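Let me begin by presenting the structure, written as structure tokens, before commenting on it.
Chain IDs A, B, C and D follow the sequence of writing; residue 1 opens each chain.
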Amino acid sequence: MTTQNLDALYQEIILDHYKNPHHKGLREPFEAEVHHVNPTCGDEVTLRVHVQDGKVEDVSYDAVGCSISQASASVLTDLVIGKSVSDAMAVHEQFLTLMQGKGTVEPDEDILEDGIAFAGVAKFPARVKCALLSWMAWKDATARTLGEDS
Amino acid sequence: MTTQNLDALYQEIILDHYKNPHHKGLREPFEAEVHHVNPTCGDEVTLRVHVQDGKVEDVSYDAVGCSISQASASVLTDLVIGKSVSDAMAVHEQFLTLMQGKGTVEPDEDILEDGIAFAGVAKFPARVKCALLSWMAWKDATARTLGEDS
Amino acid sequence: MSTLPGLLPELDVVRKDFPILERTLADGLPLVYLDSANTSQKPQVVIDTMVDHLERHNANVARAMHQLGAESSEAFEGARDITAAFINAPSRDEVIFTKNASEALNLVANTLAWARGPLQVGAGDEVVITEMEHHSNIVPWQLLTERTGATLRWFGLTDDGLLDLSTIDSLINERTKVVALTWVSNMLGTVNPVAEIARRAHEVGAIVVVDASQAAPQLPVDVAAVGADFLAFTGHKVVGPTGIGVLWGRRELLEQLPPFLGGGEMIETVRMERSTYAGIPHKFEAGTPPIVEAVGLGAALTYLSHIGMEAIHAHEQAITAYALDGLQTVPGLSVLGPLSATERGGAIAFELEGVHPHDVAQVLDSRGVAVRAGHHCARPAHQRFGVQSSTRMSSYLYTTPAEIDALVEALEYTRSYFKLV
Amino acid sequence: MSTLPGLLPELDVVRKDFPILERTLADGLPLVYLDSANTSQKPQVVIDTMVDHLERHNANVARAMHQLGAESSEAFEGARDITAAFINAPSRDEVIFTKNASEALNLVANTLAWARGPLQVGAGDEVVITEMEHHSNIVPWQLLTERTGATLRWFGLTDDGLLDLSTIDSLINERTKVVALTWVSNMLGTVNPVAEIARRAHEVGAIVVVDASQAAPQLPVDVAAVGADFLAFTGHKVVGPTGIGVLWGRRELLEQLPPFLGGGEMIETVRMERSTYAGIPHKFEAGTPPIVEAVGLGAALTYLSHIGMEAIHAHEQAITAYALDGLQTVPGLSVLGPLSATERGGAIAFELEGVHPHDVAQVLDSRGVAVRAGHHCARPAHQRFGVQSSTRMSSYLYTTPAEIDALVEALEYTRSYFKLV
């Protein structure tokens, strides 16, 4: 890996979110709480979602992990809170595509906002899991909420 | 393997014993009967020993197997029947040494008689087991007889 | 080299891929390798791929974050993709790397023993196998049934070496939990109607385990078409290395089964009191996997796919037909199993009247012809035909008609050596 | 290259044996491989021996009667002799080849679950492990105890990373059936007093299982001296290939245990109704064994013995002492486990305040320095020290002091990269 790549990985935006994560902490009310682990390294996230009338009212979390996984949780909450569940799922889809694109996908800043900073992560297969940890947890928790609703 | 080695393996003596095995068949009386198998190829021998007053009165057997294993059973019976158990065990010891010598051991004809024909077998690791099948069975059966005696 | 219809078009080029085929044996004889059902030879590309991995990319997988680790993980997981494609698996996650086919079959038997709920096997349940199985598809089911109190039953064989399907209605019934059978027999060569039996098994809700150890080298494999729930094969018979086997299983079943071996890689989180387990396939891959072996297997399957499994199958059929003809010219020789090449795979076991298989193999070996003698880990099938052991020739994509000629000639020599002529 | 007392005298020559050490990474950086506790690199002689086997001697073992079969069997069984000598086993038959250390440990746990008679583990029985075990020596015992109703207990750790032996009298008692522990910790580096614990375990009639996965690469191993009943290690950490592990066990116990996996090679005779099993070691080696892997392992152990395990141990100690010194010059860095090289093996896990281990490893990698980050399959030991994960450097016989300097320098760079200075 080159130092250039290193800088692509550790974008300022990522380090900022890492140092000052948004929406961190576990809050009430919530309909579902999940606990996800990255078995390889032990990184963990506990994540709660509060969904009302098809809208993501809140996403709160407690997480231990590397800069990428922490920053990614922070960006996630910025992007989905306040959106309709279906819009939020679309964002999730885009983020997933970006992460699994091995560095070949051009991110759409209008949709992913700060999330575009993760484009560099996609080139590091070992770190993709870090970036996706909280996103997978959010999807899981949201699915459970909807499961309960229906 | 060379044709020369092949002839060393299939000595006339061996082929003779194979075609006309001595002491073949299961007979009474006997104190112990054992069943040994070569798991690799499935060759089998059922062997009975009749020991009285420390003397090998009879060794009878039923066997399916290759020329080497059949001839070896025949030679075994020739060599041990009529001997004292301890003399027979000494012969067994010599035969074992010959077989495990990888072709480097010079056999003693006075002791091994027709058994010296097996000297060539020792060069074929895969066939050593064939040659030893009935000998191991005899040792096992004899040990059981002695176990019962004491 | 004679040209039979169906032979691989560039057979001499294919042969050049296999360095061992250039070996000369004692007495300067060329090697005539007719023991491929036992283990196949390896093309240079498989060896080179393994060497390149060991010399340039070696690192542990999954756990390692550095460049070598990423390269090694990519090569290892890439092999899983290749394997999934080779057997047309619906998902790469359904492909589990084991150490050989035997472990793959034991994995299924073992996890069924520890399963709780609908998959559990216990008293009153029945497991059905066949009389033509390799020991590796018999003993695991004996252990399972002995240990759980279930009952082991089996299909018998007809006189011409086929499965006796006349008993199928009573054998496969509502008590049947598992039907495990070989696709291609390693002794009789018989190709079994696996899809048909699987259909019957599924009607009663049984799980179908297919031993494809001899099929995968020779036939195009499509796990969906064959109707299997589990399918096993082994690396060393598909021109890959030893130390690696494959278990494919349906996701839904793999997810329900408890873990097999415990350890690194197969966990989600470990506390001293209790652990939770990773998702498939890792749940069934405890410890450092056979990394360089998977990489070698990937190269092997790519090599086979490049030549084409249809073409390889046609080649096997051509050689097998040629061999069946040739063998039957040898007086006193009788072939075990079906006599038509189209009904069978490329392993041909036979008896030569008056000479024990060990002795046949020994004399053949003195002429450079490598075959197998014994029960080929299929003792019950031998017993069924009242045979203690047999001699087996088995061909593969590198086998030439000339090698079959050499075999036939060496068999004639064997007869004369043992003074049968 | 600095010269520390204890370093291998011809270190540059040794390094030339390992082709991968000549690799350059991205940006043209040389590889600084400090992840040997994860997997070791392979000397040319191991690779060449495997290639020679595959290109010239490849055949299945035991079953094959032809020349290639004899050569392959001799090479494979020769590897067993070499392995037996390497660990000073009383008998070669006590050496069982598995696929890795994890399978070796699971083999013991699994056969104890199915054993009947005095070895059987069941309700009321206790199995004792330690909090510093690798997951591969935790999960098998969790599965065993969960499945049989036995109780799992464990030694805790002292603050300085040693086993807390103050509880030994209550932990090892008349209910104890098994004591399983690691000789050298892969995370803390701690070298445990295995012989002493084994003595205590034997007093109560318990079986002692030693995980020598990290010991075998670094220390002279003598199974008798260590007092083990079973001892496991893995090929890929002793400069051998993946796909092979070793279980040594006392003959008397191996003979009493039921089979593990069923299939070819492990049988005596097979009937459909029931089978009988081969003697040791084959009873525990179902299916085609890892042949080329065993051959590679034999070459690996011969290579290590040639250099000398005492010399390798001295080298590891010298490098470890040098590394402990160097690491402690890095501000905010704290080492987990014993701080004196003589009490520990060559794996050093540490924390760097303010930077997550993943990020440390990533930045080190950008400088060509390969280390491991995570819980190193020892999550409970991390938890014991309140640590989520750590960075681990691990050296081996090819490691130079200059590489440790490169690590320390890269750690300084990491701090500056994350603006901690």
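Quick note on the criterion: a contact is a pair of C-beta atoms (placed from the backbone, for glycine too) under 8 Å apart; a residue touches a chain by one contact, two chains touch by 3 or more.
Since this is a predicted model, take the numbers as computed values, not measurements.
S.K.: In the touch network of chains, how many steps separate chain B from chain D on the shortest route?
M.R.: 1
S.K.: Taking each chain's centre as the mean of its CA atoms, which one is farthest from the centre of chain D?
M.R.: Checked the centroid distances; the maximum from chain D is B.
S.K.: Between chain A and chain B, what is the gap in Å from one C-alpha centre to the other?
M.R.: For chain A versus chain B, the centre distance works out to 75 Å.
S.K.: Just how far, in Å, is the C-alpha centre of chain D from the one of chain A?
M.R.: 37
S.K.: So, what's the distance in Å between the C-alpha centres of chain D and chain C?
M.R.: That gives a centre separation of 31 Å.
S.K.: Mind checking the centre-to-centre distance between chain A and chain C? Centres are C-alpha means, answer in whole Å.
M.R.: Roughly 45 Å, centre to centre.
S.K.: Could you tell me which residues belong to chain D and also touch two or more other chains?
M.R.: 25-26, 63-65, 67, 69, 267, 269, 358, 362, 365, 373-374, 379
S.K.: Return the residues of chain B touching two or more other chains; collapse runs of consecutive numbers into ranges.
M.R.: 1, 40, 42, 44, 124, 127, in rising order.
S.K.: Quick check: in the complex, which residue numbers of chain B touch chain D?
M.R.: Residues 1, 37, 39-40, 42, 44, 124-127.
S.K.: Which residues of chain C touch chain D in their complex?
M.R.: Counting only chain C, the residues touching chain D are 19-20, 23, 25-26, 31, 33, 35, 38-39, 41-42, 46-47, 50-51, 54-60, 63-69, 99-103, 105-106, 109-110, 114, 131, 134-140, 142-143, 147, 152, 154, 234, 236, 241-245, 259, 261-267, 269-275, 286-293, 358, 361-362, 364-365, 369-374, 376-377, 379-380, 383.
S.K.: Could you list, by residue number, the parts of chain D that touch chain B in their complex?
M.R.: Touching chain B: residues 62-65, 67, 69-70, 73-74, 267-269, 278, 282 of chain D.
S.K.: What residues on chain A touch chain D, complex-wise?
M.R.: Within the complex, chain A contacts chain D at residues 1-3, 5-6, 9-10, 15, 40-44, 64-70, 124, 127, 130.
S.K.: Which part of chain C faces chain B closely enough to touch in the complex?
M.R.: 25-27, 356-359, 362-363, 365-366, 373-375, 379, 382, 388-389, 417-418
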